[in-house]
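Both complexes below contain chain A, partnered by chain B and then by chain C.
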Partner chain A sequence: MSDQIETMINEVFEESFEIEKEDLKPEANIFEDLGLDSLDVVDLVVALQKKFSVEIRTDERIKDIRTLEDLSKFIKELKSES
Partner chain B sequence: MRRVVITGTGSISALGNSMDELLNSIENRVCGTQQMPEWDKYKGLQSLVGAPVTLPDIKTIPRKMRRSMGRMSLLTVFAANEALKSAKIEHDAITNERYGCVAGSTMGSAEALNDTFETMLPDHDLSLLSSMSFFKCISHTVSMNLAHYLGITGCVMATSAACASSLQAMGTGFELIRYNKQDLVLCGGAEELHPTVTGSFDILFATSTKFNDNPENTPRPFDKNRDGLVCGEGAGILVLEELEHAKKRGAKILAEVVGYNTCGSGSHVSQPDREAMIQCMNSALMDASIKPEKIDFVSAHATATLQGDTEEAAAIFEVFGSKTPVNSLKGYIGHTLGASGAIELAASIEMMNKNTIYPTLNLDDVDDKCSMIYHVKTKLKKDIKFILKNCFAFGGINASIICKKYE
Partner chain C sequence: MDRYDDIVVGSGVSGLTTALILGMNQRRVLLIEKSPAIGGSLSRFYKKGIPFDTGFHFTGGFANDLVLLDMLSVLSIKDDIQPEFVKYPEDNQFIFEDQNRSFTFHQGFEQNKKEMLAYFPHEKKAINTYFSKVKSIRENTKAMNIRADFEMQPPMDEDSISLKEMLDSLTENKTLKTLFSAFSMCHGTEPSKISFANHSRVTYSLYESIARVKNGGNAFIKAFKNRFKKYNIDIKTNTFISSCEDIEKRKVGTFVLNNGSKLKAENCIFTIHPKEILKTFREENTSRAFSDRVNGFEESIGFFLTFIRNTDKNQKPFNPGITTLYPYNDMNKMFDPQLKEDLPLVIVRNSEKTKNGNINLINAFELSHWNHVKAWADSSTGRRSREYKEYKRKRTNRICKRIIKAFPEYKGYLEVIDSASMLTFRDYLNNPQGSAYGIKQKIGQFNLFGRVQYKNTFAAGQSAILPGVVGAMMSGFTICRYLLSKDVYIDFIKNQLQKN
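On to the complex of A and B.
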């Protein structure tokens, strides 16, 4: 399940932001390493909502996400809550 | 007043992704109209033909530039790249407060508008909308994206007047330079082919509907058997520049812009008005300080609607009589709406410089009501010094521009 979530998150970054697979390391900073900006984050939220069938647009925890690892932990938390 | 010249042209249309491809296809009498089989699903849509573009690889545009671009902005970037290349201007040399862009379209990206409403309306839910929807849907999406892509810091403006959009952009750029507000302006416009766009003309019975099985025979400007317009798509961008500025950098000058006018018909939202057309052309001639007999070639708006072509033929006859050659390029690339003025002016300038006027495609039998003017039906060699280009838009917005060969 855990690997599957990471794979699905990576798919979002490849499909929506055209980031190469080899750059998608858990410690990669979404902004500094992967180059997303505040507008991309809006689209990241939309893409994650679609991918994982979750509602995260107003979830305050999003603001603390910096790395891909943070993101997968957040999605896992959400899945465990539901 | 300062003199304004054109130093670069670029286009993308159903007949290719460059001016050379467009001119070669016109030379070979190629019609870009195709069947649009996927439009079958739209109930009530009678016109199932269009003139679509085959887009080049869009990934040549960096993602952060591209993400805010709907199809019409992508088309614009390809046309602008060609225009700048032909003007021999590097991308990194365009950021200057005296360099601007004026580009228009009928509306924002039709595809993006449609996608936005399809996403939002079923459940009245905004949460799945992309952050980029707004930037693709806005009326100034073409000029905004072009300015962002090129780093333009001078005047950025959008002209939105349906089929006169890009000719108004040309005229606005002309005036910005003429009156010393800018030194160089990229001017033009774009439009995209979409069933909702064709549909907007279709419900007004303005589209071609009888040639769905033989699309290459439509549209038929000025022809007895014309039955309406065919929507196309594309973009045209021209580089307008102050004469001394162009000479100083050793630019090749393609033409000089000498006169322009835009006016309202003030009468009806859709019915063409020959008196307003006459006024528009006469005012452009007055602006250029030349008499009608100086014009060697008129590039007509002529979209192949029954009434529009008749009114324009009557207006051209009134201003120019029956000896000035007239053509329409709609038979080749369809009606590219907001892009038509720029694409067709760029092609007409090429014709002027080659002293060659290409014929109106699909004009086999001139309609009696349009027969009073001189229709170009076969390739015509002629010494051309002045050309006039018309755009007469729905909404009663008219525009005419006059260019002179630079010698």
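On to the complex of A and C.
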């Protein structure tokens, strides 16, 4: 299950932001390593909401997310809460 | 190469507002418009010397709820815009065709509540709760009070509840639910998709007052034009941005216009339809995530508009008035794109002074969807097929029949001057599918608003926060608050409100 979430997150970055598969390491920083800009955050949130059918919009925890690992941890928490 | 502080793209009321606020704050502003004239759907058109409204027919915000008046004061155009209020209950009427029942209301929020209670004495709790919720949401939305010094507000609980869910929780009375959602025609999104909060923000001011404006949207255009001269705001019509070039560190270096000329600007503010913004950025230059987001927006409803003259010489001049016909007692059903006939019909009456004296006019607009006209999407104005003309003729006839059923005294006196489908609106207003309010305002949606795609490109307009004149102007104010910095903006608002 957890691997599946990571795979799905990676798919979002590959498909929606055209980031190379080999760059998608758990410790990769979304902004510094993967090159997203703060301008892309809303687009990323919309893409993740669609992919995982979750509501991220008003969640305070997204502010602390830096790496892909943080992101998958957050999605897993969200999924287990619902 | 020409240099501007700000380029404003699109000259509907949000573009006009944004350009003027920036110009009044000593910025060098260029306003560009794709059409041959500025004004967007504010522009009236003339046929047989008679003026007709295109997209601006009536609004709230002129009495008690002062959001619109305040904005006009700040822009110093309040005196140029003369409201013509709907005054009498017979001019503020909702007819349920399937039950042969009619409801009329005086103006005023409390008055509406009182009259609703009189119509539905057994629904006291539902009516009181509904009105108190609408009022408290409106009052707590600080962005709708330009006098307020506010920080960004987190969404309210009612931002994630649909209008339908709220109404279902309040009452089982179907007629009352339809009446509560009666103004859905004024924001273009069905009760199951719009949040109760946004419904409240739009409808509150319509309960307080409904007014037309003397000379319609042209009064706005004229007033803005005068002000633009004073602040040396440049205007270019027949102009659009064909590409954004020299992008460095996510900032556009050069804006290239359709005539090939190149411009530098600190900021560029797009007040056009979100899908037209995406087109300007070109999909290949944006992330899939961005284009998916924009392409995922659903178009709001549109209208099939009929322009009619009442030729009865014994008819007194029409007071400004609105009558809405509902063929079914179910607002969500009436928004179903599969319905082809007898959709909600809004009948707006007014009288206009022309060279030949006073004339009585009816603008009747029937809810419409893109699929009604999609078959002829490849054609352009003046070159439509016979089938399309037949569609227009039939629809116009049916509309006239419904008007006569509601107003038997008009029989024999309705002269149809013209009609316009969603294709007409698409082609005259450069709007991808001729919708009336841009995109639908759906729960949980991330609209294009504020900085988008590049560090120096911004989105505003009626799709950004709320539809209609008030929502569109508000989006301009909010963007300027950001561009001018909060302190400069607040001083500006304060000074202007004191002066005017």
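As a working rule, the second predicted complex is superposed on the first by the 82 of 82 C-alpha atoms of A that agree within 3 Å, B and C clash if a C-alpha of one lies under 4 Å from a C-alpha of the other, contacts with A are read in each partner's own complex, and residues count from 1 in each chain.
The definition used in the following text is that contacts are C-beta pairs under 8 Å (C-beta built on N, C-alpha and C of every residue); 3 or more make two chains touch, one makes a residue touch a chain.
What you see is a predicted model; the values in this text were computed from it and never measured.
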item	value
Clash-or-fit label for the pair chain B, chain C on chain A	clash
Comparing the two partners chain B and chain C, which touches a greater set of residues in chain A	C
Which superposed partner A:42 touches (first chain B, second chain C, both, neither)	both
Which superposed partner A:81 touches (first chain B, second chain C, both, neither)	neither
Partner chain in contact with A:15 - chain B first, chain C second, else both or neither	second
First (chain B), second (chain C), both or neither touched by A:55	both
First, second, both or neither for A:64, with chain B first and chain C second	neither
Of the stretches 1-9, 19-27, 37-45 or 271-279 belonging to chain B, the one that collides with chain C	37-45
Set of chain A residues, in rising order, touched by both chain B and chain C	17-18, 37, 39-40, 42-43, 46, 50, 55, 57
Residues of chain B touching chain A in the complex	59, 63-64, 67, 127-132
Contact footprint of chain B on chain A as seen in their complex	17-18, 35, 37, 39-40, 42-43, 46, 49-50, 55, 57
Residue ranges of chain A in contact with chain C within the complex	12, 15-18, 37, 39-40, 42-47, 50, 55, 57-58
Residue ranges of chain C touching chain A (in the complex, touch as defined)	154-155, 160, 250, 287-290, 292-293, 296, 444, 446, 451-455
